[in-house]
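In the two assemblies presented below, chain A is common to both, partnered first by chain B and then by chain C.
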Partner chain A sequence: MSSISGTNKSSRWSAVRKEIGRAGGALLISLIVTFVIVLLTSKDPLGAFEQLLTQLPQKTRTFGYWIDDVAKLTITGLAFSLVFQARQFSMGVQGQVYIGALAATYVALSPLGASWAGIPLGIAAAMLAGAVYGFLPGIAKAKLGANEIVSSLMLNYVAIELCNFLVRTNLPKPQAGVLTTNDFPDSAVFPMLVDKTRIDLGLILAIVAVLVVWFAVYRTSWGLKLRLVGHNARFAEYSGIKSTFIMVSAMTASGALGGLLGSMFVQGQTYGKLTVLFEGNLAFEGILVAIVARSRPLAVPIVALFYGYLRQGAQLMNIRTDVPAEVIGVVTAIIILLVSSSYSLAFLKRLFRRGVATAPTPAAAAGAAK
Partner chain B sequence: MTELFLTVFSAAFFVTIIRTTTPLLLATMGGLVADLSGALNVALEGMMLIGCLTAVIVSVYAPWYVAVGAGLGAGALLGLVMAFFSFRLKADIILVGFAINILAAGGTVFALALATGGDKGTSINLQSKAVPSVDLSFLDAIPGVGPVLTAFLSGHSVLSWIAAFIVFAVWYFLFRTPWGLWLRGVGEYPAAPEAAGIPVNKVRTWSLIVSGALAGLGGAQLAMFNYVGFTRDMTAGRGFIALGAVLLGARHPVGALIAALLFGAFEALAVVMPGLFNEAPAELIRMIPFIVTIAALILFSVRAQRALALRGVK
Partner chain C sequence: MALLEAIGISKTYPGGVVANDGVNLVVESGEVHAVVGENGAGKSTLMKILFGIEQPNAGALMLDGKPVRFANPREAIEAGIGMVFQHFSLVPSFSVYENVVLGSEPRSGIRFERHKAIAEVKAISDRFRLSVDPMPAVMTLPVGQQQRVEILKALYRNARILILDEPTAVLAPQEVQELFVAIRSLVAQGKTVIFIAHKLPEVLEISDTITVMRQGKTVGQVKAKEVTEKSLAAMMVGREVTLRVERKATDQSQRVAEIEGLRVVNARGTEVVAGLDLNVHAGEVVGLVGVEGNGQAETLEAVAGLRAIAAGTIRIADKDATAMSVLDRRALGLASIPEDRIARGLATGATVAENLVATRLNETRYVRNGLLDLKAIKANALQLIERFSIRVGGPASTVDTLSGGNMQKVVVARELAEQPKLLLVNQPTRGVDLGATQFIWRTITDARDAGAAVLLSSADLGELLALSDRLLVLYRGRIVAAFVNTPDLTPETLGTYMLGLSTQTADEMKAALR
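Our next item is the complex of A and B:
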């Protein structure tokens, strides 16, 4: 996932160009596949694609949906980037979101939530809860050797069921039987930044998070150790780095980001309350964002901008045409498959000639963009 | 409380356990085959889900056995896709697995909306078929134990019997055939079989195909017997529970069978409890398999580490 960037500036730029080319190529291929699917299934394929690709910035309201989605995608992308940098495939962001949201909800619905402390305390509680939830699979892996992929996936379901249970039984509800809590007091809901949109404090939190994660990974000794461990854990261990400590701390920090995302969901303008299954599988979209951004914190928001556009464009297409929004899952899957593999046009050609599979040359990979 | 005991020790509850276990067991066997070949199949969930939908849609137009075959085929195809991207195109197998899960979550809803003309929740307006259950009521004729045997053995899905056979087949394949030895060798230490001329990636590709086929078969059981019809996200984490069952079962077919039965029993409990008590925390009961899996994961990792330490390997 990670790579230690060379000092040579021109080589770094050519690497960046190569990555952009591969990502753009993957996006193009996935859009073509989606277009073929829409063409085969829709009565008005061109209209559907117009909705998907051009309508989002036309209205302030839909523009707000986009930016709100970008903020959330950025946070989940950062959370996955941190663990991928350490080469840990912890998939626990979803669970951290639910646990963080629960913590934020308990703060917001307590007397503290009605005071000025509602927002900062809610965020802090959510991040703390998320950090603990990220720490658990980390420590289980470091001390006991438990596979972090399986344990973090299990913790996701535990968190979802816990959230369902507490919403149904314990948390105050407007009426019996509904699976949502009371609305939070205004002092616990993030203020709007742009009037009559969903753009709220979450956007600022996302920008701050990008800068903090970038600084931590590229400008601190912890970050250097993190990248070394991700690159070659054994080498890092030999050079005196406590690789287990680095792994666990990366997973804990990633958990704090997941918890923050939980607070952004329930305290944001979109909800302002806790609803069961509020997260709608957004957390796992961070995998795509992190992979395409090559786990670079500064690239994460850029990828999130593009991907959020597609996601929200798909929602518009869903409402206004006969194409369901879920078709975007095809785009996501194809992009992940292509970007995480060593695909290139030259490779595809060779494949059709049934040639021998070898790693493609960098030049061939760069050619994939065209 | 007595009501609960009466329910739990009844033949009907046993039949419920077998019903809830079967999809899980098939997916667990799929996970086991992939895991032993060294390819962790995190896409079981997505493969099951796509198996469910394929089986439901095909069963509208074809007999039930064709639909079951289609579910199996869809899973196998996904296994092939997974193998292609991870071995041919050198993508990380975990990421490929999640790509398939994401494809399944979105793709099944999309295909469902197309098949039903806009309904994104369920396939309720599709006339899908069910897998028939095996009627063994002739066992009644046996004096003495006949009625008991009938109560326990009759009324299971055809696929439950097939699943029981598959456990035996997987065990026989893994421990009594040369290919099973290859597969375990590839998972244990790929360099050695590679040096011995065994095509490592080919073995892994086949194990992923079989793994997908079994998960797809599990999906067919889920959508054509446990529930008749498709609901979005109807697998609800069963693919991941299956991954846990593989580990809890100490990566052995019989152990995996016991683990799958245990998880199936918890699911059956979560099904019957709300009918008995008004305030039964079904959510907390559904949580149990996940927590047990984590505990088992830690337990077996500790044991494995201790075994390594005993052999003097760091």
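Our next item is the complex of A and C:
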């Protein structure tokens, strides 16, 4: 018996190693391709790459940008992982972020916001609102057969526009015409964890969320059912698992995470108020994080760490050199392509070996040319 | 000189399973070469190595006397090797001819020459007696036809050597005969066929040479003419195997399942079960006989609660179960072994332990306050792996690393872990080796002896005759004949009713319809 569990452990580790190798390989290739592009377009390619790869940890302030991004990417990555594990393709995290942010804002700007309850109530309201917003595409799919991709994307627009509208009309503003609300009272803003940085309570929330989601997925019966539905819905039906319930509840739980992210944005050190379009398209990057992490909750923060680094590094590069931040889109595109295809390291080795002779893909050609 | 030779092939999968351990295989040109062996003996692994899907850790391949290495299937195909997997890799929405030519389409410039493609597919299918209409979408075809498309695909790419991994496991008996006609015509035209199967009569009928594998090793190569079913079985298993089960006398007075006026209409609007009345009693096995597609599968699915019914009532253990959920039916003591283990019976990406408790997640043994009792789940898995001798790395291995027969054992182990009241069984031994077939038969019979009511469907008449107390022949969704199983009941008698050539009168059926 001990030998059995022994081989299992080692095989699980070898599988984990393989995945890490795959992700690392993908990262390397995408960076090489990016470098080639930068080489061709920039006047100072080395300088640009230096900004992208080495500058972030040098100053506390920029370091804080990175960690703050990691916390947020972790939450959106978890939200997508949850629905992906149940093989649902709800794209609604962005909408949930806006709805959650609105709910948190109403709490923060109400008399309650000025009390000790500002933070916990704001978080709770945001999560509840996000959950409701995640539930909608779920129930629409269960009852009406509405495709969750379409309905969740539509709900994203609704949430963004609703947020715009309320900021313009309903919410208290410092002066007419600006597109932000009043600053939240201090009691409703997440406390800073590291001085002079954006690192705040959100980081702790992200860590807790990772553990909670991991526990829910791997230690509860709900989580096992969720994974079984994701593996094979027909098998789940045959086993008597109520797959519609699982599907709707997964989308609802993921919505709560989306809502939480909304609260982290507006109640966090970065803003401390609601402004229109505050989210800067971060929510959707959870898709990349979830895909590379293979929807494993414990892998999500690790992927977020790397990806957050690139993301903020690209911002620095954008500001300080002639290379636009959009170049990072190349990195993400290549990583997604490689990780979601069935490429393996052995495959890469073969490509590299033949690279010059047949030049099958730009990636391999670029790799071989180096 | 041998056409294809594998010398000392070894393969260890990540995780430490030694699937091949110094395997030798010598295939002569123009023969049908069968590879037989128990589930998990390493047959599919060897074939995947010949076809370049897996890489051996040691050993060499010789083709036409020259050493070769295939890094991937494309290289194997270029060398003239084709393979048909047990689970097909066709594009369901594409037409037959599109599937056949996909990837090496005839073209002029960049234009796809549709007519030429159709003509070529027709020509090959005529030449090798694999008749199939090139036009319809593959998903509208029955399995047997889809398999032909797979074979055509290999032939279109000029395969000289055709590997068929358990081609007969998915076929009805008549389709097996049609496949054999095609194989003979292939061989007559100079092709070589490597063929894996578990049913020894089939192996002896079609093959010239047989290689026997056991636990990752080759135990021998024999001429089909020189062995009998018995001696071959002994070589495979290492002991004598007799496929027979003794049934105890049981008390069959108590009705467990009562099906009345059952009608099922399929997605296309055809009535597939047309007013079925039947009862199953405790301690008996009722066999549903029929050519595939005459309502057996649908009847079983309707009783299991997996298929909407158009009319009728289903009573299980004296309760009206017509509108019950799957879970409620299971709570009444229903267990079911579905026809397609991959599509229905397992979550192949999940672990063996998880698959073994999937139907019991409402029991406090495994789940308390919504939390999984991982220890109990693991213990359950270890116990069932041991009791049903499932060959697997351990409870935490995912099901997709198991060989076909061992996957089936996982399903059987889960459903028969506890004594059921009503057991629904469809194709219990498809792709399962001799030893395991005997074991599964024994397990089903034990459940019956202990008082379970069993409703069984199988494409294998031998299996139905071996296990059933009563046999009901279905034709177009109706019972056309009913027999009490006696030693003089023969497959031939059943056959005439199965094909709808004759029908018993109500009086004749009466004795066997209780």
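Simple rule for what comes next: the second predicted complex is superposed on the first by the 336 of 370 C-alpha atoms of A that agree within 3 Å, B and C clash if a C-alpha of one lies under 4 Å from a C-alpha of the other, contacts with A are read in each partner's own complex, and residues count from 1 in each chain.
Just so it is clear, a residue touches a chain if its C-beta (ideal position, glycine included) is under 8 Å from a C-beta of that chain, and two chains touch if they have at least 3 such contacts.
Everything quoted here is computed from the prediction, not taken from an experiment.
Once both complexes are superposed on chain A, the partners chain B and chain C clash. Of the two partner chains, chain C is the only one touched by A:237; chain B is not. After superposition on the shared chain, chain A has more residues touched by B, the comparison being chain B against chain C.
Once the two complexes are overlaid on the shared chain, A:165 sits against chain B while remaining clear of chain C. Looking at the shared chain after the overlay, A:15 reaches chain C, while chain B stays out of its contact range.
In the superposed model, A:154 makes contact with chain B only, not with chain C. Of the two partner chains placed by the overlay, only chain C lies in contact with A:227; chain B stays clear of it.
Contacts of A:54 after superposition on the shared chain: neither chain B nor chain C is touched. Contacts of A:284 after superposition on the shared chain: chain B is touched, whereas chain C is not.
In the superposition on chain A, A:329 contacts chain B only, with no contact to chain C. With both structures placed on the common chain, the touch criterion links A:219 to chain C but leaves chain B unconnected. Superposing on chain A, the segment of chain C with clashing C-alpha atoms against chain B, chosen from 58-66, 94-102 or 112-120, turns out to be 94-102. Across the complex, chain C is touched by residues 1, 4-5, 7-8, 10-12, 14-15, 18, 219-225, 227-228, 231-232, 234-241, 350 of chain A. For chain A in complex with chain B, the touching residues are 41, 89, 91, 140, 144-147, 149-151, 153-155, 157-158, 161-162, 164-165, 168-169, 281, 284, 287-288, 291, 322, 324, 326-330, 332-334, 336-337, 340-343, 347, 351, 357, 359. Those residues of chain C whose C-beta lies close enough to touch chain A in the complex are 14-16, 71, 304, 306, 325-327, 330, 336, 338, 343-350, 354, 358-359, 361-362, 366-367, 370-372, 374, 382, 393-397. The residues of chain B lying in touch with chain A in their complex are 40, 42, 85-86, 88-92, 94-96, 98-103, 105-107, 109-110, 113-114, 118, 120, 237, 240, 243-244, 247, 279, 281, 283-284, 286-287, 290-291, 293-294, 297-298, 301-302, 304-305.
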